[in-house]
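Right, one structure below, let's go through it.
Chain IDs A, B and C follow the sequence of writing; residue 1 opens each chain.
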Amino acid sequence: MRNLKTDYFEDLQLFKDGLQLFWSVVFLLLLFVLPFFVKTYYLTIINLMAVNVIVALGLNLLVGNTGQISLGHAGFVAIGAYTTVLLLKAGVPFIFALMASGAVTALFGILLGIPSLKLEGPYLAIATLAFGLAVTTVIGRMDFLGGRMGMNVPKIGLGWTGLKYDQSLYYLIVIITVLCIIATRNLLKSRIGRAFQAIRDSDIAASAIGIHLTKYKLYSFGISALFAGIAGSLWALYLGFINPTLFNFILSINFLVIIVLGGLGSITGSVMGAIVLTYLNLQLEDVVDIPVLGDLLLRFSETFMTTTGVSNVSWFLTGFILILIVLFEPLGLYGLWLRTKIYWKRWPF
Amino acid sequence: MLGQLIVSSLVVGSIYALLALAMSITYKASEVPNFSQGEMAMISTYMTFVMLSSFGLPFYSAMLITIAFAFLLGLLLEFLFLRRAKMPTPLNLIVITIGFQLMLYGLAGWKWGSEQRQINLPFSESKVIYQNDFFALTELNLATLAIAIVVLIVIYLLIQRTKLGLAMKACQQNINASKMNGISANRIMAITFGISSVVGAIAGVLVAPILTLDPSMMWDPLLKGFAAAVLGGMKSLHGVVIGGLLLGIVENLFGFYISIEFKSVVAFAIIVLVLYFKPSGLFDKHYLRKV
Amino acid sequence: MAFFHVQQLRKSFGGLTAIDKLDFQVEEKEIFSIIGPNGAGKSTIFNCINGLYRPEQGQIQFNGENLVGKRPDQIAKAGIARTFQNLELFAHMTTLDNIMLGRHLRMRASIGAILGLSFKRSKAAKEELTHRKKVEEIIDFLELESARDQFVSNLPYGKQKLVELGRALALEPDLLLLDEPAAGLTQEEREDMVFWIKDIRDLLGITVILIEHNMQMVQNISDRILAINFGKQITTGSPEEVLGHPEVIRAYLGEDITQAQ
C-alpha cells in the first residue's frame, strides 16, 4: 500500500517512490558493471541504442510534447557529427568538441524553427525535409568536410581511465545518455515543458496566458537540435568514419518511427522505442541467419520470390510491425507497458 | 536550347503534377499526406511490367489491369489499415502510410530484386513527332503530356460533375454531416484512396521509361510531387497541378543554367521561401480557427 | 482617465464588418456585461482585446497603454486574462497542470535553473513549489480538489469550465474577460458561478467583463450592461435601463412581437 503524498515536492522529485528508486539503482548498477562481464560486441550495441535514445529524447520533445514535426532530424545529427570531427582534427579536446557541437546544432535548430512559426502539418514537414536534404547535399559538396567520400574520426584519448578504449567509450556514452534523460525529465516538469505542451494542445490558449509562441517554439527546436547534435557527436566516435549518405531521409524517418513506436511525449517511450527499434534493425539485417524462420524464408523465396532480394524482408517486416503498433497500441510501447502494469496491479481480477 | 528545356520541364512537371494531384486527393479527404503514394505507384508499374513481359499482353490491356490493380491497392490501404487505427491522429496515420511504404518497398525488392527493368510503352523515345528551331517533341514527350492532361480532365470532371465527386467533396468538408445525409463515408474514403492510387500508378508508368523500373524508382519523384503539392496548396486540386508544373520548370532551369547538383535543394528552398509568405501554399486558403 | 476604454473599434473580415464604431468604458472593479443576439460581434470584441484579432481602426486603452497591435501574450502580461466560449483547455494535461500554466508569466526560472528541478534546495524547485501553493489556493476556491490530478478531457463540462476559469485566475489579472460563463451549465452550477464571479470582484478585486446570454445572470450581477447588435452599439447603462430598452427587446425578440406589444 503506497503512502499518500504529503509534500508537494514529491511531484517533482526524480523517483516516485522507494520502489522506483530501487529498480533504477539496480538498473544503473547493471549498466555500470556490464563491461566486465560481456563481450565488446554487446557494448557497441548498447552504445548504438544509447545514441538513438538521445536523438529520440530530443525529437520527442519537439514532436510529442510541442506538437511540431521534423522529417529532417538526421540533418541535425549530421551537423553534430561533422562539427565534432572538425574540432577533433583541430586538436580540440573531446569534451569541448561535444559542447560546441551541441551549441552549433542548437543554433541551426533555432534557424529551422523560424519557418516553423507559420507552418503546420505537411507544410512544416516539407520544410524540415528540405532542411535535412540541404544539409547532406551541402556537406557532400564541401571538400574540407570530406565531400562525398567522408571523413575519418580521430580516436580520442580515453586511456586515462585505465580501461580498454571500447569500455571507456561505453561509459562515456551511457553517462551522457543518463544525464540527457534526467535533463529531459526536469525540463518536462518545469514551466518550459508545460509551455511546450500548452503549445501542442492549444496555441491560442497558450498565447492568451502569456506564452510567447515564437520564443518557445524556437526553444523547442533548439533543444531538440541540441540533443541531436550531442548524439551525432557521440555517434561519430562510435562509427569511426562518417559520410553524408549516413544522414539521409531514411535515418530521419527511423527517428520518427522510434518515437511513435515508443510513445509520443513520453521519456520512457523514447527509451523503449530506441532500444527496440535498434535491436529490430540489427536482427533484420541478417534475417536469413535467424534459426528456423530464416530457412523457411529462404525456401519461400526460392519458390515465389527471388533469393537475391530476400534481405528486403526486413523492410517488409519493419513496415508491418509499424502498422501493427499504430493499429493496436497507438500509445506505443509505453502504452503497452502501462497496460501491463495496470493488468498486474489488478490481477487476479 | 531554352525551348527544349521548357519542353522537358513540362514533361517532368506534368508527372510531378500527377503525383501531387494523387497526394492532394487523399490529403483533402483524410488530412494525411500519403507517404506510400510512390511505392504504390511503383508496385502498380511492376504489375504492368509483369503483364507485358510474363503474360505478353498488349499494352492497353496491361494498362487496364494495372489500373484495376492500383484501385484495389488504394482500397486496401484505406480499408485494411487506415480505417482500423484506434487513435487516428495525423501523425499516427502518417506512420501507417510510412509502414505501408516500407512493406511495398520490401515486397518489390524481394519479389523482383533490384535490377533495373525496361518497360516498353508503345510510344517511342526517339521518334520525333514535331520539330522546329526551338525544340523537338518526341512521341514519348507528347504521349506523356497528353496522358497527363487527359487524367487531369477526367479527375476534374469526376469531382465537379458526378455524384461521386459531390459525395467526395461533402466528406472532405464535413464527414459527420455527410454520414447523416446518407453518404457512406467509409466507402467514399476507400474510393478516394483508390482513385488517387490510380493517378499515381499512371504517373509511375509514365516515369518508368525515363528512370527505368526498380524498387526505388519513385522515391525522388514522390518527394518532388509532395513538395509540388505543398507549393501549390495541398487542398487545392488546381493548385497542386500548377505547383507540379512550376516545380518542374524551376528545377530544370536551375539545373541547367546554374548547377545540377544543387537543383533539388534549391527547388525545396524555393518552396520553403514561398511557404514563408504563403503558409498554406500558393493557392490554398489559410483558415483561421474561430474561438 | 477610465480604467479600460475601447475607442471607436472597427473590425472586418473581408466584406463583413463584424464590429463598427464600438466605444465603451469600464470602471475599475466593475462587473460589466455585453449582451446581444448571436452573431452580433461579442466574441469578436474579446478577440480584439485579447490580441487574437487586429482591428483596422480604434484603440483599446488600458492602464495608460494602447493594446491594439500587441500579441496575445503581451496582453496577458499587461494584466488581462480570458476564458473562451468553446473552452480552450489543454486537453492532454491534468487540472493541476492547466492551472499551473496560468502561473507561467509569474515564474522566472531559466533553462539552466530548470536542470536542477529534482533537487529540493534548487531555485527552480523552490519557485515551482511556491507557485504550486498559489494554484492549490485557486483549486480550493473553485472546489476542484477532486479533479486535481485528472485529465481535463475526462471531466464533466461544468468542471472543465471551472478549470478554465481557474487558469485565468492564476494569472492574477487586473481585468478578466469571461466569454459566456453560464453556457452549458446546470441551474445549480449557474448559481455557483454567480457567487464566484461576485467573489472574484469582491474578494480578489478583479474587474470583470462578461459576455452572456442568460438574462437572469446578467441582471443579477452586472453593474452596467452594453447591448450590441450587428456589430454596433445599441445602448449602455444599468440593467434596468438596458433590458427595458425597446431596441434591445426588438433585437432579441424580433419585429413582430415588439409590434404586438
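Observations
Keep in mind that, in the parts below, a contact is a pair of C-beta atoms (placed from the backbone, for glycine too) under 8 Å apart; a residue touches a chain by one contact, two chains touch by 3 or more.
Because the structure is predicted, anything quoted here is derived from the model rather than measured.
In terms of the distance between Cα centroids, subunit B is separated most widely from C.
The count of contacting C-beta pairs peaks for the chain pair A-B. We define each chain's centre as the mean of its Cα atoms; on that basis subunit B and subunit C are separated by 48 Å. Subunit A and subunit B have Cα centroids separated by 32 Å.
Computed from the mean C-alpha positions, the centre of subunit A lies at a distance of 42 Å from the centre of subunit C. Across the assembly, subunit B contributes 291 as residues in contact with two or more other chains. The set of subunit A residues touching two or more other chains comprises 204. Residue positions 52, 84, 88 of subunit C are each in touch with at least two other chains. Those residues of subunit A lying in contact with subunit B across their complex are 63, 69, 115, 118-123, 125-127, 129-130, 133-134, 137-138, 141, 204, 249, 253, 256-257, 260, 264, 301, 304-306, 308-323, 326-331.
Of all residues in subunit A, only 8-9, 11-14, 182-183, 185-187, 189-192, 194-195, 197-198, 200-202, 204-213, 219, 223, 265 touch subunit C in the complex they form. On the subunit B side of its complex with subunit A, the touching residues are 27, 31, 33, 81, 84-87, 89-93, 95-96, 98-114, 215, 223, 226-227, 229-230, 234, 261-262, 264-265, 268-269, 271-272, 275-276, 279-281, 289, 291. Only residues 50-52, 71-73, 75-77, 81-82, 84, 88-93, 97, 100-105, 107, 109, 111, 114-118, 120, 124-125, 128-129, 132-133, 167-168, 171 of subunit C touch subunit A when the two sit together in their complex.
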